[in-house]
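Okay, got some structures for you below.
Two complexes, one shared chain (subunit A), two partners (subunit B, subunit C).
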Partner chain A sequence: MGLTRQSTGRSAVREIFNVDDAGNELVIALAGNPNTGKSTVFNALTGLRQHTGNWPGKTVLRAEGSFMHGGRRYNLIDLPGTYSLHAASSEEEVARDFLCFANPDATVVVADGTCLERNLNLALQVMEITGKVILCVNLIDEARRKKMHINIRKLSSTLGVPVISTAARSGEGLPELMDAISDVALGRVTPKPVLVRYPEQVEAAIARLEPRVREITGGHINSRWVALRLIDGDAKLVQAIRQYYNGRESKITQAGMEVLA
Partner chain B sequence: MNPEAALGNLLEEAKSIAGGQQTGIRDGIVKSIYDTSERITRDVVSYTSDDRVDLDRKIDNILTSRIWGFPIMFGILAVVFWVTITGANYPSAFLATQLFWLQDRLTELFLALNAPDWLHGFLVLGVYRALAWVVSVMLPPMAIFFPLFTLLEDAGYLPRVAFNLDRFFKKAGAHGKQALTMSMGFGCNAAGVIACRIIESPRERLIATLTNNFVPCNGRFPTIIALAGLFVAGSVTATLGGVLATLGVAGLVVFGIAVTLLVSWLLSRTLLKGEPSSFTLELPPYRIPQVGQVLVRSVLDRTIFVLGRAVVIAAPAGGLVWVMANTAVGDTTVLAAAAGGLDSFARLMGLDGFILLAFILGLPANEIVLPILIMSYLSGGAMVEMESMADLHHLLVVQHGWTWLTGLCTVIFALCHWPCGTTLFTIQREQKNWRWTLLAAVIPAGIGIIICMTITTLTRALHLV
Partner chain C sequence: MNAGMPLDRLRNGCCALVTELAAEGPARRRLLDLGLVPGTKVEVIRRSPLGDPIAFNIRGAVIAFRKEEAGQVLVVQVS
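So, the complex of A and B:
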């Protein structure tokens, strides 16, 4: 066997995360706050094609399932429900590491339409890590009942990513969500996320650190975001990046040995 | 240079850029994200009419405002205590009369059966009397306090309390969620210690665990309420007394929270250094409490449970106290000798030997401290008939020379002493390190002793008693 795409880089990392990456399947991450109906979206998309287990080395439940769309299989990973990605809890750590290192083909952030503001905090953080984001404004039926109106088109242009409103319980908006996922995952649509502007002092520090980060990570990981986390004093992330490199190198070495054998 | 070392260097460099303002920078980053979310939301969300969410927000703005948050909190706390203290008097007196009437009948029965003296003493004067005291002193306040507390919980007020306290805990270097584990501690400290699991960082979890005991639990509330009612309410007119007793208990709770914050601050500056981590507290919508369900739940889950635990422990403890009081060593009894040995130290704290002994014997469950104390006093004194709360006042003040200082120090020591056996066991199970368990007992006990000694010394120096 040769050094194919599967045996190096991205795929090797996905193996670390235990993600089934056989053939031409696409990997889609599902992120969101707790109690946003994320699991309902997950169940509605995947139906019975799912299995559950634990994240490697963590006592955090994980669910994985798949759906077919336009002849392609989409592998959906349900990340733990979190309020932020600052890795304060093991749930946040799992979600962040997956988004950061497994490089999913698209990430759906499920938001509770009735309290959009709180949910946007997470969406903005996810958009800092990966550009390939679709915002799913769920519980839109409840929002309507509460006499709320959400301007989806304006939200989409403000954020720079596709926004789909859904009511997963009744199935409303799910076909559109699948279309949007496939558009982003297959590169038919390239989101241009509008990033959070930080105070001058922070932005200046990011500008100073970012080129150096890019040198080290070689563009595999979003360097602006890593620089930001470094300024925040996030030692855990450095540790995670270290593990990522070590893990990847050992996988690559392993693959190389197979070639030689 | 390999990537690992380079990254480590970068982290160091980032730290030096941040200088000493790490917390400020973190707040700035979080604030930028929150501001962006808020701005976008304002842009895209519109309401076609006023509705519940709006109402919730309006209520929140008052209940969690910087100016009104705390006065309202104190006010609600005071109302709950006032209802409990004034309401508990009558059923307490009623229960005491009934139960001690039954004790006389039991005595008659034992006499009629020609039962030996020691059997009557052990079963009736020991076991039964302890049970009677636990039921009549503890049951009424619990039966009133728990439903009220559960109503507040059900209405969604408790998370707002946590929200109000959050910034203080952060200033103390502890986790904001500690406000929640502390609230759980009002129910039961052992439950509060288990609740500390919700705090992810081990450092902050330990701080929350070690300080959980500074809020009075179910077992200590009735003691505090009963003594407050007895001392403050007994001295002036009924209405004014009730108000004063209420303010006393509410003040004590606020004092407990202040001690919690102070000890957390000290711990995070010394033994458990570090930065507080941030979290999101979800404020659930307000609900009209389901009164029926609240009554059933608080009576079954809490009142009966706590009372049951107290009864199970009080029965053997009552027997033990009777045996100690009736076993002679030299010309005195074991009980008197033990209390005598503790007396000189206890006096420095404004207590007496019997009170300190009651706290020590009450280690298995705080509920039985007051009943044990009453038993010990009764077994040594001349007065055998105890039929009402007025008799209790007579027993403590007239026969055993309690002053307001004794009452105050007893109540403070009830707030600040070692956690009950169950709580200590739970801490050991959670932390798996006997040093922390020991510290969890030593810290509050040490603080209680210091406070009581200081108050006593000052009071005596100023000739206030």
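So, the complex of A and C:
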């Protein structure tokens, strides 16, 4: 008995992640580099409504909680802090798998306002997987102290996603953050993340692979992103797809081989 | 053009610019993800007593590398 096309909808996949998805509640993922104050943001939003455990089958810690906003409950999952989503470590694998397969209603990428540049690496990678991204520029009080000025509006228009500045430890910016999360999760705001354009050769290969990938994954996973990972030779992703989509993986590698030949 | 010396040979307190990476595959990607693209400034902060690992300041963050990993990053000293 394999997973049918219908049952590979969000609920079924989220069950694998042990996500509390009772009655189709909203699930929000929190991503970011280590040491960005991500936990502070998480704690500030969820207060005492949180618990820690493990990701299924892994030793990586996981914090889950929720907050109320506008009469609705938002389930918040704190993904492990990572510098990238290339699945070089268990943490990265966990973060990548969740974003890719569990399809959160919105993803907040928490960045350190005092060294934004390095944090944008992960932000751009997340934006390549999902369009429902909000960039939270945290530690804005630290940045102010260091006389750093960040043009939030310009950042937002350049990246194509909502950007909210916060100082989570004092609560600054949190109401605006919740508003932004709500807007994206409920579809009131549709971010249009800027696409990273690769050299012509790569873009041509993506164009050939994408339709085939979409056919196989049924549009559940970002096909451009999967195509990129195939071109990258990411064997772990193919394995992961097999795990969650039961048997379609061989078709994807087939498509990959044909295009790259 | 000078390809540069391995980063693990840079002394404490010195700064250098990345010229190229000797690593390939996942190791290379990890170095790139941590910000070590060509042209990046790196500062050696300190070494642990046995000389391994070494702490660097890369683009505003302190990151520790094993001597072997650092050796795959080629740099040109600037100060």
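Basically, the second predicted complex is superposed on the first by the 237 of 261 C-alpha atoms of A that agree within 3 Å, B and C clash if a C-alpha of one lies under 4 Å from a C-alpha of the other, contacts with A are read in each partner's own complex, and residues count from 1 in each chain.
The rule we apply is simple: contacts are C-beta pairs under 8 Å (C-beta built on N, C-alpha and C of every residue); 3 or more make two chains touch, one makes a residue touch a chain.
Predicted model, so just to flag it, every value in this text is computed and none were measured.
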In the superposed model built on subunit A, check whether subunit B and subunit C fit or clash. clash
For A:Ile231, decide between first (touching subunit B), second (touching subunit C), both and neither. first
After superposition on the shared chain, which partner residues are touched by A:Met68: those of subunit B (first), subunit C (second), both, or neither? neither
After lining up the shared chain so the two structures overlap, which partner does A:Ala207 touch, if you call subunit B first and subunit C second: first, second, both or neither? neither
Decide which partner touches more residues of subunit A, taking subunit B and subunit C as the two options. B
Where along subunit B is the clash with subunit C: 9-17, 27-35, 135-143 or 153-161? 153-161
Just to be sure I follow: which residues of subunit A are touched by subunit B in one complex and then by subunit C in the other one? 35, 83-84, 86, 88, 114, 117-118, 121
So in the complex, the part of subunit B that touches subunit A is made up of which residues? 3-4, 6-8, 10-11, 13-15, 17-18, 22, 25-26, 28-29, 32-34, 36-38, 40-41, 43-49, 51-53, 200-201, 277-280, 282
How about subunit C: which of its residues touch subunit A in the complex? 26, 29-30, 33-35, 58-61
Residues of subunit A touching subunit C in their complex? 33, 35, 83-84, 86, 88, 114-115, 117-118, 121
Given the complex, residues on subunit A that touch subunit B span 34-35, 83-84, 86, 88-90, 114, 116-118, 120-121, 124-125, 146-152, 154-155, 158-159, 196-199, 201-202, 205, 208-209, 212-213, 215-217, 227-228, 230-233, 235, 238, 241-242, 245
